[in-house]
Amino acid sequence: MNAAAATVPSASILSVTDLRVTRLDGDDLATVVSDIALEVARGESVAFVGESGSGKSVTAKSIMGLLPRALTAEGRVRLNGRDVMGLSEREWGGVRGREVGMIMQDPFTSLNPIQRCARIIGESLPRDATLDRAARREEVVRRLAEVGITDPSVADRYPFQLSGGMRQRVGIAAALARDPDLLIADEPTTALDVTTQRGILSLIKRIQQARNMSLILITHDLRVAFATCDRVYVMYAGSVVEVARSDELDREPLHPYSSALLLSEPPLDQRLRELVAIPGSVPAPDDVAGGCVFAPRCDWAREECTAGTPALREIEPGRWSACVRIAEVRADMARARDAAAQVPDQIEGPAAPPDAVIRVEVVSKTFAGARIPALNGVSVDVAEGECVGIVGESGSGKTTLARAIIGLEHISSGSIHVAGVDVSAWAKLPAGAARQVRSAVQMVFQDPYSSLNPKRSIGWTLAEAVRTHAPRTTDVKGEVARLLESVGLPAATARKRPSSLSGGMRQRVAIARALVARPRVLICDESVSALDVSVQAQILNLLHRLKREQHLGVLFITHDLAVVRQIADRVYVMNRGRVVESGPTDQIIETPADPYTVQLLKAAPRATNEWLSD
Amino acid sequence: MSAVTVTEPVGERRQLSDRWPILLFIVRRLAAMVVMLALVSFLVFSLVHLAPGNPVDALLGQKPRTPETVAALTAQFHLDRPFLEQYAIWASGALRFDFGTAIQSGLPVMTQIASRLPVSIALGIFAFLLTMIVGVGLGILAAMRRGRTADRVTTASVVVGLSTPTFVAAILLLYVFAVLLSWFPAYGKGSGGLDTLWHLTLPAIALALGSCAYVVKHTRAAMIDVLDQDYITFARARGLSRTRILLTYSLRNALIPVITIGGVVLGGLIVGAVLVEVTFSIQGIGQLLVQSAGAKDLPVIQGVTMLIGVLIISINLCADVIYMLVDPRLRLGRR
Amino acid sequence: MSGVSASTTMSEAVSTRGTGRRRRRRAAPQFIIVCCFVFIAVVVLFAVTGSLLAPQDPSVQNLSNITAAPSAEHLLGTDALGRDTLSRLIAGTGSAFVGPLVIALGSFLIGNLLGLLAGYRGGRVDSLIMRWIDLMWAIPSLLILVVVAGVVGASYWPTVLILVVLTVPLDARVVRGATLEQMPRPYVEAAKTVGVSDRRIMWLHIWPNVAPISVANTFLVFAGSVGILASLSFLGLGVPPGKPDWGLMLAENQPLLFVQPLACLAPAVLIILTATSMTVIGDWAYERLSEEGPR
Amino acid sequence: MRKRTSLVAGALVVLSLVISGCTGGSTDGSGDDAIDAVKIGSSAVTTLDYTKSNVGYGSGLGSLMLEPLLIIDADGELQPWLAESWKQPKPTVYEYHLRDGVTFSDGTKLTAQDVVFSYDYYRGDGSANSYNFPSSLRSIEAVDDRTVRVTLNEPNAAWAVVPARSQLGIFSKAFYDANRSSFGQPGTGVIGTGPWALAEFDPTSQATLTANSAYWGGAPDIQKVDWTFFSTDTSAAIAFRSGELDVYFPDENRAFSSTAGTELIAVPGAGDTGNFVMNVLVKPWNDVHVRRAVAMALDRAALVEAWGGFAEPADYFIPPTLLQQLGTADEVKTALADVPTNAFDLNAAKAEMAASAYPEGVKVTIAVADFGDSYSNVSQAIVAQLAAIGITAELKAESSEENTALALGADRTAILAQYATYGAVSADPGDAFNYAIGSANATKGNWNGTNWSNDKVDRLIGEGFATNDPAKRLSIYAQMNNEFAVNVPSVPLFQFKETLALSDSLQWTGFDALWTSRGPWLLGITPKS
């Protein structure tokens, strides 16, 4: 496959062909990525986009020879015209950092915790440099300034003394210390807050352009890719399904997966009637081998799609797609996009009804040993049938609030009423009142992977909830099946253990469990943030449906304004333990009053170059 | 380079208070140690007091005695006083580091302990060095060769090593290397210097065996954990040399948890020393304890228990303090 | 591949997060695990039957045939009183196995109860156990036993009981630690918010997740107790003379190392084998119990 | 547990005294035979202050430095040592005249004051050594610089040999006064008149002694003594095997011999015997038939094997070897002719059992203290042998302290039957085991563990000391043996031999059971020619 070769005009710095990575799993060889071909030109910025399990990160790691032990790569990787596939670790030493550098995903774990920043950067500087201590130090300070850290004292800090964004900047400075020709940024902002994300991305983009360096940005977010990069490789289940220039892909994706991915991404600028979710979840490459990898989830899949592994074909100049039916479905896809962009006729009444189920009044909470209160005079109301969003970055106190409402934290002052019961002191509630409160409010946690007991089957977990809330239920099994069905899962799921379910399915189970009590309000604490966008859309739709059908109130806690826009009627913006602004969602997003809200909105990813330019 | 202003807050400066947590920590631990020792001493005291037999009998042995002798000895060791008064007498002495006189030998307890401590300490340090050097070395080797033969052999040996009681190891070593092969002496502590080292080699190996397995196990786990860390990958991605990655990244980070292990190991060695000293006829404090326990020599039992208690608590305190000093995250306080 | 419905493929995706973080540790090869089970089975058999299966009466002396070399009549030779070493080893299986079993099970039961309570509820139980552990830390249990046995002259069962008392806090600490690790996990909080009773959360939610480490730890306690009981017998504390006991045999027959080394080496090897087998089985059990459903 | 062994056995070796043998050490210091160093071993010695602990002399170490006034020669006769002569002006007064020109190893002169001080120090309250002095002792005083006078309240035939006891070695008073608090201890040690002086003393490993060139008997041949402390016989044996040890007095003889790979030198013992002791205050031992049955059921020859050899089966409570103090071998034999020996005879034993209150057999508990493997082995063998006559015995382990506490306790019924060693504390046949017999000793704080006595025995005890006539005394002790043989409160099992492990390059021609009564016994060891 000579796929991308033709798209690159000037001399390419990186050229990958026939890359295949396998994982040794016991005695089995599992495919992780296969048939990858790509090309990066000098000075070009390229994005690898895909959901978890698409193989984008593994592809990047094999380019640098940094695959984990269990993984093996075959194929050809040419860096600056030299084949680097068989390099020894010693030989790699001269290549990494100098020809190709990398920024890791998590700045909290990628810096050596016991070294000061000056050393981390200093040791990464070119080895041959005959700099003395002072000069080296000066160089470190200069490098820090390059990544926007003007305070030289940062050099003497340990990574853990810095905020996430600062750490990532130090990481970038270290990765750039040997002035690599190609920089690979592996999800450099996923672990960071939204406001920080924009700063880091614009820094990377600025440096890339200033140095005329090549860049590979790995991201799951198409908007980020469009804003940052010239070209995009869309990956799915270990394969590249589409290659295109950013603007062109944004205008018209030429693969059903790219198209679906774009659609499931909630837009910030308007509220859609319903998000388009891709059914199911990302499969393992071997399960979809021998055909189009997306076929099992594709609306347009026909027999021909699974007849053989489709190759990337150039549809238009510089536009490559692996969809064999692209010519037939192109128009269909366009129609589907138009349909999805529909705005609802009207949005339900925003005002908080007087009979709020949850009434939080000037609640404050300071954790033992903390100097700054986690909650500072917060007041929030939630009523049945409405969806209230709470938006804030990490540390804003939004999760603490949720936990206080549900009784997992004690508050320092103020009051919380749930269904008319004062729950300010949960521990002192009489049993009857506690049950009453429990059946009024339930919670869905953030991490679907650990909110189910790994030792218990789904059925056991649900049955327990059923017996807790309806002790006299005779048909527990039927009730469990009904619950599973209500969240869109087959009854057979009851027999499974959580470990055999995907994240989306687990989150559905978690919702089902919360629904057992027939709550009037469901608190969702970042309940979709750990999920892939396509699955996130499924869950958001499910919540929407429950809200509509069961007149369920939802307190939706998230950091993502776009998600809030899609689901919440009213929104509270929180910052550092305070509610800085509240009101109807559309009003807050369109005409924010508080500077912090403005900052948040500015930081929310947009698929345009302007997003990153200040 | 046009400067980009960073709006994020930089970590607050708190250098002055940096050292306080450690000091406070040490003071609190020392206070706890005193309470603990008081409790232990009282328990041991009552235990010995309640047990059958009389230390004077032990002293005079299977021999005729005159009532005057018995009376004089009874008075000398305050055995005629009520229990609590006896303890008070002992405790007030102990506060002045006077642990009384050994009933069996008539020597001051401190003298007797002091004369036996050097060999025990030599044995302990020898075994400790063996444990840490071999244990950490093998642990690292196994981690670096994960899944290969060297690792498998090491891991298997660890299981056997952990399951072999010290005295069994001592006897097997004694048989093979001292009896069958005559490579090493089989008893005693030798006459100082290299000769002592020579004499202590087998006991130290016997003593080190189990703890060595323990250290290998934990070092290997720590090392594997570190090798999987992102910062190692990031260091490689920056093209740092392998030596540098091994030394300043893998080793330094992996050895931080091993420091705590070191404290545990040293404590374990003190216990194991009792059995090894008996098997190899080394007259150290372990043997002194066994001997005194048999003879109900209360002052010595108390002295040795206190000593071991102080040793173990201090060792663990030291390990914790070193841990705090070595790991900046603990020293400066996370966040 | 064609016609695969969305819902079936959904279940195939295996997450790399959450459960994936626990590294899979390879237990010993199958063959060795089987060997360990067989060995322990034999030990249990002898422990149950006592000296019934011994070729000779383990206490019969033959003072005209002392320290005899191995022969057809005495496969492992005889000791200083002319008793059959093999028979004594077999007869000693009981005290080598039953004591550690009682210690392991006893401290497992009490340790899990206290550890779970301490970890889950905190408060007084917690601080009591922590102080108890601190005490154990300051003065290691073997030393306590040496003093107790030396001074009081404890015999087998009292020693076993003391060991249970000394082991419980260590077990409890393991369970407490594992419980504390589980406590902040969302599944616990989820159960709480659903309204599941504390008792159910402790025993039906947390404990199954604590069990692997607790059970593996119990096997380690067993292996350790084999060593400690043997150590005490070796020091002459705990078992009356003449009783067939591996540790005591080691001590009694140590002077025979030059004459009839088997009398001393055989019990040594048995002690190591028993402890090692239990450790290996413990590792195996840990892995089996840690498995989280079908993959 | 091995600790105990050495302590007790050490005491036995030393306490046992006197009978026969040949000349002790040659004291002529001819330089031709000079030996650089001799390596000797013993269990640990923590102090050389004899009032604090008996292991100092028990090990034989102290006697190389501290000498007694008199010694006992090979024929069992008292001979001059530090005292060149002695006399008994009255039955209750003894006067010892010190040798002229004797100096301590620090060069100061030995005076009568040193002797008086040493004796008074040893017999003071709280001294572990005070039992050596009879209660009839009134005073010890210096008549002049070279004369010591001992005054008794009443005549006592046993006093004569007291000044020959190795544990009553004379030390320098001046040195004691200068080192009151640390006397005898490591770092200070003791100063005596002996042929060797302490150079180094570390209780955890070793002591080094160097030749005292100014020794009154002439500078010794052996220039240096390397004395190593072992915690077990086994480790000493391994040391001996590897040539790191020249002289050792083992307790666990057979094990030592096989481990060390050497033949032990064994000579007849002084009188220490192993006995099976039964407390007649409790069932079933209160039944004389049971006791007799036990006596005849115990196969002494086999028990000697269980003990590890190096012992002779014993037939009498007071061994004939001790009685030979009072007459020739033939005379002793004649005197004992009518005393029954209760020889091994299972049928007779079973008959006795049948005649007892327990014809169907009985269950008993036998104590075994942690004195060592040999003790344990003999106890186990006894259990096995008693089974043959229907006595089912169970062993109960006791720590030696527990054992002692019970034996000396107020509750005399609490004492269990057991195998025990009777150490002869004196060379005098009457004094040797006196502490363990008679009704006076069947009380709290005393050693009559059988608690048995009768009027006749009590009377014989007094009569034995009241006379100095050997023939009369022999008859008295023969009668006493008869009482014991008929009533069998304890069964004499065997008499220990005195054993020695000596390297091939050395010889000790005069080694016998009385080696500790020879003053500095090492003078007797010479290179093999």
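Just so it is clear, A, B, C and D label the chains in written order, and each chain counts residues from 1 on its own.
To be clear about the criterion, a contact is a pair of C-beta atoms (placed from the backbone, for glycine too) under 8 Å apart; a residue touches a chain by one contact, two chains touch by 3 or more.
It should be emphasised that the depicted structure is a prediction, and the values quoted were computed from it without experimental measurement.
In this structure, the chain pairs C-D and B-D differ in their number of contacting C-beta pairs, and the larger number is found at B-D.
Of all chains displayed, B has the C-alpha centre closest to the centre of the whole protein C-alpha set. Centre to centre, using the average C-alpha position, chain A and chain B are separated by 49 Å.
Inter-chain centre distance (chain B to chain D, centres taken as mean C-alpha positions): 42 Å.
Separating the centre of chain B from that of chain C, both taken as means of CA atoms, is a distance of 23 Å.
Counting partners per residue, chain C has 150-151, 153, 235, 254, 257-258 as the residues that reach two or more other chains.
The residues of chain B that reach two or more other chains are 52-53, 147, 179, 228, 278, 290, 294, 296, listed in rising order. Among the residues of chain D, those in touch with two or more other chains are 1, 234, 370, 399, 402.
For chain B in complex with chain D, the touching residues are 52-55, 57-73, 76, 102, 104-107, 111-112, 115-116, 119, 178-179, 182, 185-191, 278, 280-284, 287, 290-291, 294-296. Against chain B, in their complex, chain A makes its touches with residues 64, 66, 68-69, 89-90, 92-98, 101-102, 104-106, 109-115, 123-124, 127, 142, 145-146, 148-151, 153-154, 157-158, 160-163, 165-166, 169, 171, 174-175, 177-178, 196, 199, 203, 206, 210. If you check the complex, the residues on chain B that touch chain C are 32-33, 36-37, 39-40, 44, 47-48, 50-53, 147, 156, 159-160, 162-168, 171-172, 174-175, 179, 224, 228, 267-268, 270-271, 274-275, 278, 289-290, 292-294, 296, 301, 305, 308-309, 312-313, 316. Those residues of chain C that touch chain B in the shared complex are 23, 26, 28, 32, 134-135, 137-140, 142-143, 146-153, 223, 226-228, 230-231, 234-235, 250, 254, 257-258, 261, 264-265, 268, 271-272, 275-276, 278-280, 283.
Those residues of chain A lying in contact with chain C across their complex are 52-53, 279-284, 287-291, 295-297, 303, 305-306, 406-408, 434-435, 438-439, 442-443, 445-447, 449-457, 464-465, 468-469, 490, 496-505, 510, 513-514, 516-517, 530.
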